[in-house]
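Quick notes on the structure that follows.
Here the chain labels run A, B, C, D, E and F in written order, and each chain numbers its own residues starting at 1.
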């Protein structure tokens, strides 16, 4: 029942050090999540919304949308009161590696990959962002970039 | 009031040709969208949920979450009955270029960049994916990759 | 500030008399309602979701989906603890007469049109169902049919 | 895994011919759908929201609200970028024929019944609209009417 | 299948008598309810959202948030067209006594405890508010206070 | 733009000291919040859902539901990864002091009032919980109680 280290996200850019790691809370993917996500984003592909279609597909059941898994991992990892976080900056090498199904529990393991000052007051931290399921299989990996403030 | 070409997405991998383009429907970003997205994903950063905080930030108002803008553009662009689409494959060079605010209307302009057969029955199409607002300013760009089936 | 008569809906079939009337609570149509409805039902037509498209249409602004207005009026009119109500039965002559916009407040005026015993223990009540906005313009009309239990 | 014909909905009024048919995507009815629908519309009848009450009713389990099934079938059938579709017009002979339960997958089979020009630039198409479940039992039938533009 | 007495809530302050009782409709707690509530309120504690974490906790499974159970019981008990109800006033001795799990059905048993005129036109009714599950175990109890209008 | 102290919530029972204070993030109350809350809880009182009714009431506009304001403040204040938090325990002297309207931004100011060990491994912390709006007016106050684990 050990949970995450709260102070990881509450730092200005220059306090992040390459190689530091952080593990997010887990989150269980529910059928309700797929219903809400597909409705909200407009992604009504039958792999998500039609159980009969999914049963006869190569996956044998409905899939969680990949960007939902990514968005949940960001929401679960980053402290909402991350004092110096400015905004999303971008991503590279995002790959959806394995299917995520209803009932799976995902969490993000994050490692500081690069700390890049861009201006006197801000810069970009790149994280090696790996999402795994409850069987410790990696389901998504990416290099995610976020803009942080620098200490005055 | 011209809308999109419906047959663009209903093709197997090998029928996509590099350089073809497609423009999605538009979607207006509402305050309700931000409330629903932040709740669902757990991204409760005050830039999205606290109007007083946002007022005193560099942006002067609440921001739409970047991954919400991306997910909406995918939901608005790709036909839900895209016969040969298998799943998301990944993304490269995703960059959030400009802020998106409540009331903005975004749409995606998509160009086939690469058609890559990977197996006898499937492969990956990469799209140069550019999201712009109602002032024709580009707000997000990426190379998005989707797996498609090949014709038997 | 006068509200509705609570006992109207709490009766078995044979206690309804042709000509009786009931006026529902009002409900204000919000932008959030359109976002939630269009997502949930998958009706993402740009008349509902794209403010720029709607601006250049004959209506000049986004429309509330007609079946949402109908469903809200049913939810607002019928007491949730209507003891003898079994289920929806159907509708005839449903017509969407006028557009409903964000900010309009709709309410249903209902008149018992027919009481039709179908079996020893149940039957169908038909209501002349008229939905109007805050300017007393009729926006939807129909003959709605609901199955009710009969007194033992 | 065959999906629908994309060009069916992208036509002006006069291009529809009586007798043409279209089959929508399927959609699986989930417990989450009932929770979201009943909340949003205000239809909190215990047949939808109280599993204990439903267990002792004639149906033995919770029912999907009939108008939700209808609204889902419209959202699943009609292409969101249906170029010439103006708005809902109405319905006749709508009947809820069989109960729909959690886990059922519904789809709409649609046949053009009447093409009725009403003005130089618009008219009404009436569809014989039949919704069936995964056991090919018809659960809802209606004559649904939509307003379409005519070609200039 | 007996439901509630509709006229209980449709009275001005002075018509309530100490000792009167009322039993609400039941409501089944679903996984979707927890997803929606936790997202909307921002209460993403892993006892609600992480099935693996909950499995290894003292409760062995995910918990329904206590204030959700309370809010559902208020929504299920009080008639939405309660003519003389002004607003929530407060609560005393609120205690969450037993865990509520997915699939439980809760209902409120309410007893008028005090009728307190505060002004010529309004006052406060205090209800002994007891929420129980389908096994008749009390899960929440409180003294809830609501402001009502007095008859002119 | 100063945000909250992240380590406040990440402590076992005995590490809390009477008199310590914490101020939550703010959260802006939107029209969408009221739509979602009233739907989800079933509290469709016209003071929340009918703008015309609310306009003619003593408040002159729609009210945010009091328990929504309370639930938001809990979700905004308590870190979701609060390592030693077990569950809600209860509340005393909860009072809704002033109306909260669409557009108001609320935050909670919390003070440790009592630390009460109840067993070898757990106990209850009582917080003086005051919610104020952006004009620094107190809108809700209560003594909220939460169960925490004690250090092994």
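As a convention for this text, a contact is a pair of C-beta atoms (placed from the backbone, for glycine too) under 8 Å apart; a residue touches a chain by one contact, two chains touch by 3 or more.
Just so it is clear, the model here is predicted, and its values are computed rather than measured.
**Student:** Note the shortest touch-path length, in steps, from subunit D to subunit E.
**Tutor:** The distance in steps between these two chains is 1.
**Student:** On a CA-centroid basis, which chain has its centre farthest from subunit E's?
**Tutor:** For subunit E, the chain whose C-alpha mean is farthest off is B.
**Student:** Counting a repeat as over half of the contact pairs in common, which of A-E, A-C or C-E repeats D-E?
**Tutor:** A-E
**Student:** If you average the CA atoms of subunit A and of subunit D, how far apart do the two points sit, in angstrom?
**Tutor:** Centre separation, subunit A to subunit D: 36 Å.
**Student:** Let me have the rounded angstrom distance from the C-alpha centre of subunit A over to the C-alpha centre of subunit B, please.
**Tutor:** Spacing between the chain centres: roughly 17 Å.
**Student:** Between subunit B and subunit E, tell me the centre distance in angstrom, where each centre is the average of that chain's C-alpha atoms.
**Tutor:** Centre separation, subunit B to subunit E: 42 Å.
**Student:** Which parts of subunit B, given as residue numbers and ranges, touch two or more other chains?
**Tutor:** 3, 25, 27, 30-33, 35-36, 39-42, 44, 46, 75-76, 80-82
**Student:** Line, ring, star, complete or other: which one describes how these chains touch?
**Tutor:** Chain contacts: complete, every pair touches.
**Student:** Using the touch rule from the top, collect the residues of subunit A that touch subunit F in their complex.
**Tutor:** 2-4, 6-7, 9-10, 25, 79-83
**Student:** Please output the residues of subunit A touching subunit D within their complex, sorted ascending.
**Tutor:** Listed in rising order, the residues of subunit A that touch subunit D are 30-32, 35-36, 39, 42, 44, 46, 49-53, 56-57, 62.
**Student:** Which of the residues in subunit F come into contact with subunit D in the complex?
**Tutor:** So the residues of subunit F touching subunit D come out as 35, 39-42, 44.
**Student:** So in the complex, which bits of subunit A are touching subunit B?
**Tutor:** Touch list, subunit A to subunit B: 27, 33, 36-37, 40-47, 58, 63, 65-68, 70-72, 74-76, 78, 80-82, 85-96, 99, 142.
**Student:** Any idea which subunit B residues touch subunit C in the complex?
**Tutor:** So the residues of subunit B touching subunit C come out as 1, 3, 25-28, 30-33, 35-36, 75-76, 80, 103, 105, 134.
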